[in-house]
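Two complexes come next, and they have one chain in common, chain A, joined by chain B in the first and chain C in the second.
Our next item is the complex of A and B:
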């Protein structure tokens, strides 16, 4: 094992979130295609996203992955195109993490609130 | 201080797979890790094998993984590592024995980027004059000692040994940004190829590993930008 620092962790999370989002895309293609068999089939399958607790956690992870991948993507753009970007890559990693967690607060409230018995409208 | 030193051992003629030997070594806090390895080799176990030459951070022979990070054994003090130490060979190369790895593929890639000044114009009567600003453009990458600490800290290199790697790109940078050099296009063939600079994923392990403090990732980013903007 190599003990990398922030740059290596940012790259590992970027890869994992990218692959995760890609895998969901395949699932999403299948669930969207179900509409071809009519609304009953589509509704019967897609309701599990909301009704099964495990799927609520998976959706939460999906949104976390999308958010991290976007914010860290901006970090990578800054490193690539802003000549001073490399000097701040560490700070930008923590920034991307902070923004991800911040943006996950409302997601967590709406998606996971009901799981923990919160009255969410 | 008493150091517990775990060293990854492998002798391909005898061993089926690598194993760890643990040594208890008495060392001064101001000793370098290399001094400690010397103590092991000279006083405890003569079979331990590693490379070292100048022992002053210039020849680049004794790069190795010390507690999980690539460092020159001759530039790291024992007190900065602590009394528990794990020493392993660099990753991504074939281990020839213990801490000695096969550096030939590394030097092949170094040669591939033509790391020398190419300028076929007739030499001027005096020098090829350069301004301080022109020197500044590549000064950082002149410091490379070819120890391979950067290349073997690079995840894209571990997964694809054909990647030319940070060290070769640092040395390409040194000539690409030299105003006297005229071989930009020749080098671009290698560094913008499939196995060239675009494999860099800005992991920054290389920058952290460089014992000379070269901003390795930044050098590769400058090369990428130059390739991109020259094409535009």
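Our next item is the complex of A and C:
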């Protein structure tokens, strides 16, 4: 069995997060298109995003995917265009992970705080 | 040899995959700013509870935000579909199924891109 360690996991996470974000893009085009049916319909849609707890968690997952895909994308650029990049691919994987978790802190606070009864704004 | 098979066999002879490789990186750098900017605006700068019809109407009163969203839509869709094209190529081995999967992907991408672009370009708010 192939055990590519950090390089393999970064690649698997990059694919999974990419598929997830593309899937959401399709959903997001549909929910946005419902704005053509007027304020009642569109506000009912956005209320689902705001009020349903499961949607809060899904949005948190979505943002986690976008952040990881972004930071690991920078890692890929560094491997490709910085001559020494490949020597640090492992460290940059942990760097991308750390930046993702760090950026998720404020997101999690604002998005999930209210779910746990926090007054966030 | 069918048309579809010839289309697949032509690939390695052209620079298509090289351009695809560059396109991932160029669109990726732009998306780094546009997509993360979009997330920041919608989730951090604005409390998401305020994102509703009136918010979009005010936002789309300015052509800048329509342009921003249109560029984001086109870049995200093309970047994502290009990725999905490679994933299908990797995991769907039988030729017929691969052509079928790619066809479904490109059709969905076209339909959803047109729908998204129409909404961004033609939305006119009603008085609330």
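Here is the rule we use: the second predicted complex is superposed on the first by the 120 of 121 C-alpha atoms of A that agree within 3 Å, B and C clash if a C-alpha of one lies under 4 Å from a C-alpha of the other, contacts with A are read in each partner's own complex, and residues count from 1 in each chain.
Basically, a residue touches a chain if its C-beta (ideal position, glycine included) is under 8 Å from a C-beta of that chain, and two chains touch if they have at least 3 such contacts.
Nothing here was measured: the structure is a model prediction, and the numbers come from that model.
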Touching partner for A:49 - first (chain B), second (chain C), both, neither: second
Which partner reaches more residues of chain A (counting touched residues only), chain B or chain C: C
Chain B versus chain C as contact partner of A:3, first or second or both or neither: first
Which of chain B and chain C A:80 touches, first, second, both or neither: both
Which of chain B and chain C A:88 touches, first, second, both or neither: neither
Partner chain in contact with A:38 - chain B first, chain C second, else both or neither: second
A:29 touches, of chain B and chain C: first, second, both or neither? second
Footprint overlap on chain A, comparing chain B with chain C: 76, 80
Of chain B, residues touching chain A in the complex: 65, 67-70, 91, 153, 155, 201-205, 207-208, 215, 217-218, 221-222, 224-225
Parts of chain C lying in touch with chain A, wherever the complex brings them together: 25, 28-29, 31-32, 35-36, 39, 43-44, 47-49, 51-54, 56, 73, 76-77, 80-81, 83-84, 87, 108, 112, 115-116, 118-119, 123, 126, 128
Chain A - residues contacting chain B, complex: 1-8, 11, 76, 79-81, 83, 85-86, 89
Chain C contact footprint on chain A (complex, rising order): 15, 18-19, 21-22, 25-26, 29-30, 32-33, 35-36, 38-39, 42-43, 46, 49-50, 59, 63, 66-67, 70, 73-74, 76-77, 80, 106-107, 110-111, 121
